[in-house]
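Got a structure here, written out as structure tokens. Questions coming.
Each chain gets a letter, A, B, C, D and E, in the order it is written, and its residues are counted from 1.
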Amino acid sequence: MIAADVPSFAGPSVNWFTLSPMLVMLGAAMVLLVLGALAPRWPRHLYALFTAAAGLASTILCFFLWDDITDGGPSLLVGNALRFDVFTVFITITISVAVVLVAFVTDDYLRREDLDGPEVYALYLLAAIGGVVMGSANDLIVLFLGLEIMSIAFYVMAASHRKRIESQESGIKYFILGGFSSAFFLYGIAMVYGTAGSTNFSRIVESFNATVPAVRHDAFILAGVGLLIVGLGFKTTAVPFHYWTPDVYEGAPTPVTSFMASVGKVAAFGAMLRVLIFALPHWRDDYRPIVWTIAALTVVVGSVMAVVQTNVKRMLAFSSVSHAGFILVGVEAASHRAGQPDAGNGVPSALLYLLLYSVLVIGTFSVVTMVSRTGDAATDLASFRGLGRSHPAIAMAMTVLLLAQAGVPLTSGFVAKFGVIQAAVEEHSYAIAIVAMVASVIAAFLYLRIMVSMWVSEPETGDAAREGIRVPFWTGVTLLLSVGFTLLVGIYPGWLIDATKAAVAVR
Amino acid sequence: MISFPILTMLVLVPTAGSVLVAVFSNRRPEWVKLIAVLTSVLTAGLSIWVLAAFDKSNPDFQFVSMHTWIKPWGISWHLGIDGISLFLVVLTGVMFPLVIAGTDPHHDHKRYLSWMLLLEAGLMGSFISLDLFLFFVFFEIVLVPMYFLIAGWGYEGRVYAATKFFLFTMVGSAIMLVGIVATAFIAKGDGPLTFDLIELAKADFAPSTGRWLFFAFAVAFAVKVPIFPLHTWLPDAHTQAPTGGSVILAGVMLKLGTYGLLRFGVFLFPEAARWSRSLWLTLAVIGIIYGAIAATMQKDLKRLVAYSSVAHLGFIVLGIFAMTSQSISGGVMQNINHGVSTGALFFLVGMIYDRRHTREIAELKGLQKVAPIFAGVFMVVMLSSIGVPGLNGFVGEYLVLIGSFLTARWWTVVAATGVILAALYLLWAYQRVFHGEPDEANAGFPELKLREAAVLLPLVGVIVFTGLYPKPMLDRIEPSVNRLIEHVSEKTSYVEPQPAGVTP
Amino acid sequence: MLDVAWLIPALPLAGFVLILLFGRQLGDPKAGWLATLMCGAAFVVSVGAFFDLLSKSAEERQHISKVFSWVPVGSLKVDFSFLADPLSITMCLFVTGIGTLIHLYAIGYMHGDPRFSKFFLYLNLFALSMLLLVLGENMLVTFVGWEGVGTCSYLLIAFWHERESAATAGKKAFITNRVGDWGFMLAMFFAFQATGTLSYIGLNDAASTMARSTATAIALFAFLGACGKSAQLPLYFWLPDAMEGPTPVSALIHAATMVTAGVFLMCRMSPILNAASPYASTVIAVIGAATALFAATIAVAQNDIKRVLAYSTVSQLGYMFLAVGSGAYTAAIFHMVTHAFFKALLFLGSGAVIHGMHHEQDMRRMGALRKVMPITAATFIVGWLAIAGVPPFAGFWSKDDILLAAWDKSPVLWAVGLVTALLTAYYMTRQVIMVFYGEARWKDAHAEHGAHGDFEPHESPAIMLVPLVVLAGLSIIGGGLNLPFNAQTEKLTLWLEPVLGVHESDTAKVPFAAIATVAALVGIIASIMIYAKHRAKPFEPKVLANGWYYDAAVSRFMGGPGREAFDSVAWYDSTIVDGAVNGVGRVVRGTAQRIRKVQSGNVRNYAAAIGVGVVLMLAWFVVVRGSR
Amino acid sequence: MIAAAMIAAARPTSTWYLVLAAVLFGIGTVGVLVRRNPLIMLMCVELMLNAVNLSFVALSKKLDDTGGQTTVFFVMVVAAAEVVVGLGIIVAILRRRPSATADDLAELKG
Amino acid sequence: MMQLFVFICAGLMILVGAVGVITRSHPVHAALSLILTLFGVAVLYIAQDAQFLAAVQVVVYAGAIVVLFLFVIMLLGVDKIEDLQIEPFPLQRKMAAVVGGGVIGLIAFAAISSRDNIGVVKPPQSAAVAAVGAVDHDSNIRSLARDLFSDHVLAFELTSVLLVIAVVGTVLLARRAPRTPETPAESPS
């Protein structure tokens, strides 16, 4: 065949600047890989700083993009594959910030554990891209690819501590279950595609605005919705799809855990909101009861299970499950108004929670990283004993972060919880709000346990005595930043709330 | 109204002091102590100033300071004080210097003092905030320092007690938070969202809604008061807490509950409060009798005092829900009286513990012979706690009872028997501890020290003065109480009953 | 002098404050003198006030002096103010008067006690409270005094608190009184609800229009208070134990003044009682009579010199309530005054004996003391004749009035009163004989009791004898206050008439007087026959010696079922209520532990769990939602 | 004859394909649950993905839309990547503990 | 007629293979049964006019992926027989049955019950794809290509990121731990 009778082909136009955050991170990742290969003698901590710089750059770029949107309004990118709105930008910012903070911690961690290579940083950046794609996708396929990018990166990172069998175990567990669940997710996509005739959010909404209710309540696409929720539920660590969480969080290298807990959750919930609220508003009455149930189960199971753990990393894993439950409460609230011009407070509160929780959890895990000492093994409650005596500053920071997680006022955690509860109450879902709050009290018990062992219990004579805790500079910086942010937002959250409201104000 | 934001200062000064103490070098303990004492004294001075500048003819909120805080949620930094909160603020202001100067944590002074000051800030804030969100913030924040004070400086069972206290209270406030938000949104209608107490009080809730909301609030406060059967955190917390902690806990913190019931429960949801009054009255009476009986049987002196609090607070709840100007004024006053006398009692028990390192009543004997002055002070405080006329305890209790008699006769008749029981448990304990011939263990019991006397003197002074001349206090309390009752009457069909021959 | 009526309580207050501040420096005996001085000054002021009042016409004999507005809340407006009228001034007079004498006596009696100054501190505090009680213009001020005297009696009974018995007795007195106070409070509440005021004047004005039920409620609850304070059935049992206190205390508080507060209160509220008649007054009269007889029977078999007097006090108080119940308020007050005279005298006398016997109180260890302490003996004998109701001593007249009134109420009551009178004469004679006559049993007894060496009972110092003599005098002429010959001689009645009204009765007085006298004589002679002449065996059954086992029964109940009930409540609290709380925690942990098993760490189990989730999810969407 | 006609008439519609895919998917699922060898579990995941691919293709045929096939293409890439990484992890583990089954990897639990 | 025959044969291949994968106790046999399934799927692709995908299926899946499996099996010598008779968790198989049955049943039910609704909504042909005449025989590849580079270009680019991750990941995992002796991993199992 000759090109003669072929009509001229023009690919979709690409507004490169709007993609700049992703491109920056991608470029940085490539550079790191090349450097790692070509200049192995490069001083290691530059990797971290480089990564952080990339994250910072994308953050800054995001603010410019934000202005563009506030001026020009939202738009669709590269063949309607991506949504370019404040929601996207907010998610991007959250993820980039997480990258920056985690990179700092990772540097010190890698050196302490004598693990090498820029690969981890590259994976951070690439996973971050995946997360951004998930949060901004306007097409189920794109969303799926983003999800796979992030997940596969996570599998590798989880298994990346070669000296710890636990690390590899967590890797394979995560991998198998991840693949398993993404198969379901994909099947869901197939079903939606079959009934909607497309995987593109805009087209889905259009076509179902047009079709008759009979088609809308067709079992096939409903099954698809269900399977999509399964896949997303797995990534958001929602009960009953949360089983991997504690094992993986405990086994994975601590900074990686914090990366999963922050970026992973942000991306997953971003995707969930995109899918449920933006793509499938027609089925909100069908999936809302499910979201309600899952949310309730998640807060309760997460909190209750956390209470009986003895390993701090596991505790925090379960607590992050219960936090996921809280965010799900926000999703539930959002689902009341899915597809309506007035979006209510559901989506903003969820976004706010995600940002605040990411910072919290990274800070918390940075302390765990320090306490876990060489070998990343000393993470049981006992190894926190007497921290208040030996390192009052760290203990104080940890206390603030834990109180924030418990949702004590004047910390960001309270603002987050309050926002979610407010959203739920606004939609008259009082029951779920009360369930969530009571569960958070149960969870509070676990934070108290950690605080007690830090402040009240006498230091044990064991590993703690043998190897002291080192406080590396950059980890300290991370801790300081997160604590500062926690308190700042706790005391003066107004600006942030406005920002999140803007995320849905323009559609 | 004065331009100087004195109420804000009431919160900020202790906070600043707390931070200052926290960051101050650990190598100069005496300086740390000095800073702490000075800040608390300064706060006390401010509170006294408020008392002096308070316009008793004005029933509304005074010294109001109002700043937008979280605009998108319609939350503002709204402080104000009226007759109901005035004396609670003063009590807080006065108690803390005494505690900080008068009690001695045996280790980690720095952290102890820092927590103490933070606690003061929180308590002050909760008593003067007129924004539901703001109030909740303070109400919750108070738990943290108290938790650490108990868990860090308490006695053998401290961690259990502290955790119990924290979680117990948090369950209540968790439900209240939902209640607060719901209130705001339901009252909002089409208007802007606001958490402002005064705005919300204007709203009319459908009876069923109002009742749900009221209970959401009431649970939190019932835990704090505590009202039977939600009281079991109290004996543990009081007993295990260090002396200072117990004094604050009993003297000031419990009042958050009764104050909240009055300011947020009754004021926001008069209909629901009226509707459920018989429940509350019954619980209050049960609390009075039950607490007294339980107190009688305690073997631990501190625990005994703790249970006596349950009984005393029962009177306040009775007064609040009997809802006559006498009963409520009496209740508000009883807040203060109980704070002073029980606070003093905890001081004294603490002193006994410092000397003998036991709280077991059985271990103590014949102290009056070896330490007559100490015994005398104890006697006076005890008599005030029993409610002997001429001392402060009587006035509040009496007003509560005589006021409640008008609207809740039979409850009052039963409640009045609490007066007998109070005499029973306190006198019995006193006899076992102070009377008789001291055995050799107690023979060396030291007499009241000068510092201790200095701490107790103001309290005893208040006890006697208020008992003999309560008028100044009542003059400031009553207008606000009457305004509250008028509010209730506007919202409901309630008419405050007047005794025969008195034209309202 | 009326304008400064507030001075009457103020002076003891000053004494109290001064001794509180400088008691230790003043020490023994200056503190005592100071206290006595203050009390005496109060007496002088009262006298002044008395004459002021006397100078006015009967209607105007009423003066209210407001000190400050006390508890003004809403419709409740209570002032701290005093009401000076014949009744209160009468009370003031004999309270301060006898008070002074007893202060004086105590200086001698308490000489050498380590807590000498504290004793007078309490005494002045007591005087203050008692004066507030009687001078109070409204029930609340009275209540302050009411509780004040209760507290003082607690402090003074437990004055020697090293003695377990003393401490217990004090506690017992206070708590028993508290029960009465509960009644008093309720009386106030009812009064307030019914009239909106607590001032006596307001109340008594309202009484005329008051519903009988209300009036009855007020009267009976107030009477419950009176029962506590004045040791009537069923709350009398604290008084005998109260004898643990120093004898001056027994004399002042538990004989002369405090215990009569109940009677005073009843008289104060007499209009309400009248409005509440007949129920309330009948109840009061019956209880009074019953108590009188009951206590008298017990007194017959007591061996402790002070306990005899204690029971006789209870019995005499019963008399007064009998009078109150019969509407003869003046008679009640009259008897109150005379009783104050001779009972104080008797107590002080016994005190002197005890003092002389080195704190021996058992009458079986005494005898023939008239030789070693003649003055004490003489005065004591005067007191005996007075209480026995032998004319012309004071007791005769007052008791006679009461019996007369009782007859008007009902002959039965009168009969009970008469028997009581007989018994009174009997046991008092018995006491006098056992203490002052017969052979000196202390000679052989001194060996075993803790006295130093071979001791000789000795007469008390002058400072203790002076009050005795004075009181003896009063006991002799006291009857002159209210001689029933004609309207003019009934001075007390006239004096109190504006407050209490008159109890007119047309019964012939003389025969009753005769009968009463005979009864008294019978009692005396019988006693002499038994105890002096040993013609018959003493009749002292255990049941009487133990006060009909009433007290024992009460204590056994308190120590037994009562205590168990309390314990069970405490148990309930710690086990059930708290157990529930901890139970919640346990449940949470338990559930968690159970769920943990699912978290087995095995990938395939997790996959299975996820799979189940998937199936459920699909079931919901396909079956439940898709079916539409 | 008639039977032949019936058979001739019966043409496999897309629904047939979808059901077949469903069965394949189910088998894959069961495989993940019952097999202990991680490698074979991985294969079972591949089965599931293939089932999805099959339905995609069938649907795209029914819709007469290439999008479905494009998707399948992407899925294959994803599958490849997953397999590579998965095998990497498995190798890393088995290198250390030969003959380790999924059941043996249960240190992290509770 | 023809389609039916093809469908049945291919279907049988697929199912037999699939069952083989989960029932053959020897890993190698399982891998081989996987190939069977993959071929069956490829056949059905052709039957559904997805020739290009069929090719890729054979090349990538059967060719690359399964080979990779076999290679790993051989390399690590983990070809030990897995005894499928024993199942440590009594519940596991039951649950597996429930899950498998549930998934198959529900999805099949959904597919059948809604056979009329599938394809009701016809997707608007994107310009690029529309340009290719549907009758054209090798239209499949072309339209696929155009679709790939028009609507799904971003997805296409993302696959590159995916592959990069795969590479980096394997590098990271495959690298042996440096000098420090491996901690003995004989943790009790």
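One rule holds in what follows: contacts are C-beta pairs under 8 Å (C-beta built on N, C-alpha and C of every residue); 3 or more make two chains touch, one makes a residue touch a chain.
This one's a predicted model, so the numbers in the text were calculated from it and none came from an experiment.
Asks: Among all chains, which one's averaged Cα position is nearest the averaged Cα position of every protein chain shown?
Replies: B
Asks: Mind naming the chain pair that shares the most C-beta pairs in contact?
Replies: Result: the chain pair D-E has the most contacts.
Asks: Distance from the CA centroid of chain B to that of chain C, rounded to the nearest Å?
Replies: Distance between chain centres: 37 Å.
Asks: Could you work out how far the Cα centre of chain B sits from that of chain E, in whole Å?
Replies: The separation of the two C-alpha centroids amounts to 69 Å.
Asks: Centroid of chain A to centroid of chain E, CA atoms only: how many Å?
Replies: Each chain's C-alpha centroid was found; their separation is 28 Å.
Asks: Taking each chain's centre as the mean of its CA atoms, how far is chain C from chain D in angstrom?
Replies: From the centre of chain C to the centre of chain D is 98 Å.
Asks: In chain C, what residues contact two or more other chains?
Replies: 596, 599, 601-605, 607-608, 611-612, 614, 618, 622, 626
Asks: Where in chain D do residues touch at least two different other chains?
Replies: 18, 25, 28-29, 32-34, 36, 41-42, 59, 62-63, 65, 67, 70, 74, 78, 81, 85, 88-90, 92, 96-97, 102-103, 105-110
Asks: When you check chain A against every other chain, which residues touch at least two of them?
Replies: 141, 145, 148, 152, 155-156, 159, 162, 165, 172-173, 176, 180, 187, 191, 194, 197-198, 218-219, 222-223, 246-247, in rising order.
Asks: Which of the chains are touching one another, listed as pairs?
Replies: Touch list across chains, by label: A-B, A-C, A-D, A-E, B-C, C-D, C-E, D-E.
Asks: Can you list the chain C residues touching chain E in their complex?
Replies: Listed in rising order, the residues are 602, 604-605, 608, 611-612, 614-615, 618-619, 622-623, 626.
Asks: Enumerate the contact residues on chain D facing chain E in the complex.
Replies: Within the complex, chain D contacts chain E at residues 7-8, 10-20, 22-31, 33-37, 39-40, 42-44, 46-47, 50, 53-54, 57-67, 69-70, 72-74, 76-81, 83-85, 87-92, 94-101, 103-107.
Asks: What does chain E use to touch chain A in their complex?
Replies: Residue positions touching the partner: 106-107, 109-111, 113-114, 117-124, 128, 131, 138, 146, 149-155, 158-159, 161-162, 164-166, 168-169, 171-173, 175-178, 180, 182-183, 185, 187.
Asks: Give the list of chain C residues in touch with chain A in this complex.
Replies: 588-589, 591-593, 595-596, 598-599, 601, 603, 605-607, 609-610, 612-614, 617-618, 620-622, 625-628
Asks: Spell out the part of chain C that touches chain D in their complex, as residue ranges.
Replies: So the residues of chain C touching chain D come out as 596, 599-604, 607-608, 611.
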